[in-house]
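In this document, chain identifiers A, B and C correspond to the written order of the chains, with residue numbering beginning at 1 in each.
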Amino acid sequence: MIDERIVLQLLKEGKRLDNRSFLEYRKIEIEKDIIPKAEGSASVKLGNTLVIAGVKVELAQPFPDTPNEGILVVNAEFPPIAHPTFEPGPPNEYAIELARLVDRIIRESKMIELDKLFIEDGKVYGIFVDIHIISNDGNLLDASTLASIAALHSTKIPKYENNSLIRNEFIGNLPVRYKPTYVTIGKINDSYILDLTYDEEQVINDLIAFGIRDDEKIVAVQKLRGKFKFNEIEKLLDLAIDKSKEIRKYL
Amino acid sequence: MKKENIKLLENGKRSDGRNLDEIRNINIELGIIPIANGSAKFSFGNTVAIAAVYGARSLQPKFLQEDEKAVVRVRYNMAPFSTDTRKNPGIDRRSIELSKVLRDAIENSIFLEEYPRAVIDCYAEVISSDGSTRITSLNAISLALALAGISMKDLIVGLTAGKIEDKIVVDLNQLEDNYGSADISFGYLFATDEIVLLQMDGELKKEEFLYALSLLKEKAKVVYEKQKEALRNYLEKEKYD
Amino acid sequence: MAELYGKIVLPGEEVEKNEFSYKFNDRFISKKVSLISKNEEKTKAISLSSTYYPEVGDNVIGIVREVEAAGWLVDINSINYAFLPIAEVVREFIDIYRTDLSKTININEVIYAKVINVINYKIIQISIKNGNFKKLNGGGVISVNPAKVARIIGKNMSMMKLISEKTNCEIIAGKNGYIWIKSKKAENMIKAINAIKFIEKNSHFKGLTEMVIKYLEEK
């Protein structure tokens, strides 16, 4: 435990306990294919934050408005293992917000070619992305997105035969094309700060996330907390686009 | 898959090539959740559980407290992606039963009276499943409890056994669990010679059951030594950074 | 690789009788991960990770969590909150029906206190009336494993003085694992906190003082 008063004092003087500069990410470590029974999986370590994303491919019914496309479902769990403040029980609003943001960046970036997941009338492949937070030391959105995108890029499609999936035979990789990433930016005393630790998140009042695709298109935005000046958005976008390139390299 | 197509034993070897009394590779990583008082990842082959212990800490609201001893809360959960078919997220009836069974094992392995009015939270997440998930969780929790400095009678050692074809084997994988004719979950304290977790389902003769128990006790020693070795290595490692 | 200054024992292992052992069939068995060191023929067990159990006379750092009618509930990093009665704060009479105690000490404020009464770890009373005990203004608290505080303080406070001097920070370490730190400069705070964390991680090795000096010089 580090007192908020200390963290705030450091940040106000432009310092961080781990001696990082404000725009520096912690060490990013990504491991793919770590869950044998998941069709795709990855773990992401961002300092002391650890997230596992697993992709299960299941037979599904298409949505009525897109009868020829596969379906995508993203879910996030904040199990109490990950932090003393996480409580057992159904996902709270933060877990649901996180899942929806990851869903949005995957969907809006069109990284999965859902139309290639059609099987036959009324039957498509369903892509279930489950985000499991194992250790929470902040910046769960950037870490969870990295884990999910890495997992999707490692996903294989099982063979369909006689109304069921053959789990250990694959017809190929999930058709994916982009690696969108979120860059979450905090603001303190008019300075921007990236990759906040849990303790830092507790004292930052203004927080915004930009989802950026490989071609620098903006595909999702969420002001998570606080407020930003009208004319600082461009600066924030430039920073997000710039940093998204840097962290995409780890994927 | 139909039951008759499954071959669990061939030339005395099991489906994954093991001998009858052979335990899968045990892998242990400690301290992976730095904010927890103790944490551990434990695996038997492809079955992987991560556990964290929070506490002993003060328990609020007050009416939940026990005046003369600690309250132990246990949550066993399987990640949706850990199974063949995606598991619906959240706690189901099976998880509730297993959490209760694990809690009972833990309560009987630690000195509860040293923590009046406090709570000890033990959480286990199965992130990859290939049989024996509750016992993998038990081993992970044992290590997390030790690292959290909780007073305990001994490290809690868990192992499964079962009957496949007509043979008794230890450390069941998923296939053996699903298609074998019996399985036993076993949690044991060597220091006091006490069984703290015991569950069985299937069909066994009395002699088979007793033989399975004796095999469990003998082979649990391997798990015990692995737990100790991991703790020693972790504690003796210089953490200069 | 640095040398351990004792032997690590694990729960369930047979030991000579010590603070963390229990008796079973005429043998003594360790309840905890601990370090057994033989100093001057005396055997001493140190838990390597532990809960803080207050004892009368302990000096602790506390964070106020609740203001009640007759005093304050204080988090001292133990299994239960401690109680700080009004009479252990001020000498003059206070009419509790007309006084807002939060004006004296408010939630989240930090105190340096002495443990004056412990009943089965359920009733824990603390005082800031005498000596150097007081409300601490400014700075903040970090927590370390209570089992490591003795090493962080050092013999005759040598380690704490060393860190304090080398980093220009005011530091008060409570026996309970809460450590209060204050400095005008963030850089100094970072140095001090990291040095304390370094000792916490490496407390069971020999030659710790030299390691800490080297650590502080490198940073």
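We adopt the following convention: contacts are C-beta pairs under 8 Å (C-beta built on N, C-alpha and C of every residue); 3 or more make two chains touch, one makes a residue touch a chain.
Predicted model only: the values in this text are computed from it and were never measured.
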Between A-C and B-C, more contacting C-beta pairs sit at B-C
Taking each chain's centre as the mean of its CA atoms, the one lying farthest from the centre of subunit C is chain A
Distance in whole angstrom between the CA centres of subunit B and subunit C is 34
Averaging C-alpha coordinates per chain, one finds the centres of subunit A and subunit C separated by a number of Å equal to 39
Within subunit B, the set of residues that touch 2 or more other chains is 57
Two or more other chains are touched by the subunit A residues none
Seen from subunit B, its contact residues with subunit A in the complex are 32-36, 39, 46, 50-52, 54, 57, 75, 77, 79-86, 89-91, 121, 123-125, 127-130
Listed in rising order, the residues of subunit B that touch subunit C in the complex are 37-38, 55-58, 67, 70, 111, 115-118, 146-155, 189-192, 228, 231-232, 235-236, 238-241
Touching subunit B in the complex, subunit C uses residues 1-2, 4, 8, 10-13, 20, 22, 24, 29, 31-33, 47-51, 75, 78-81, 120-122, 145, 147, 198, 201-202, 204-205, 211
Listed in rising order, the residues of subunit A that touch subunit C in the complex are 1-7, 9-10, 12-17, 19
Note: in the complex, subunit C contacts subunit A through residues 138-143, 181, 185-187, 189-190, 193-194
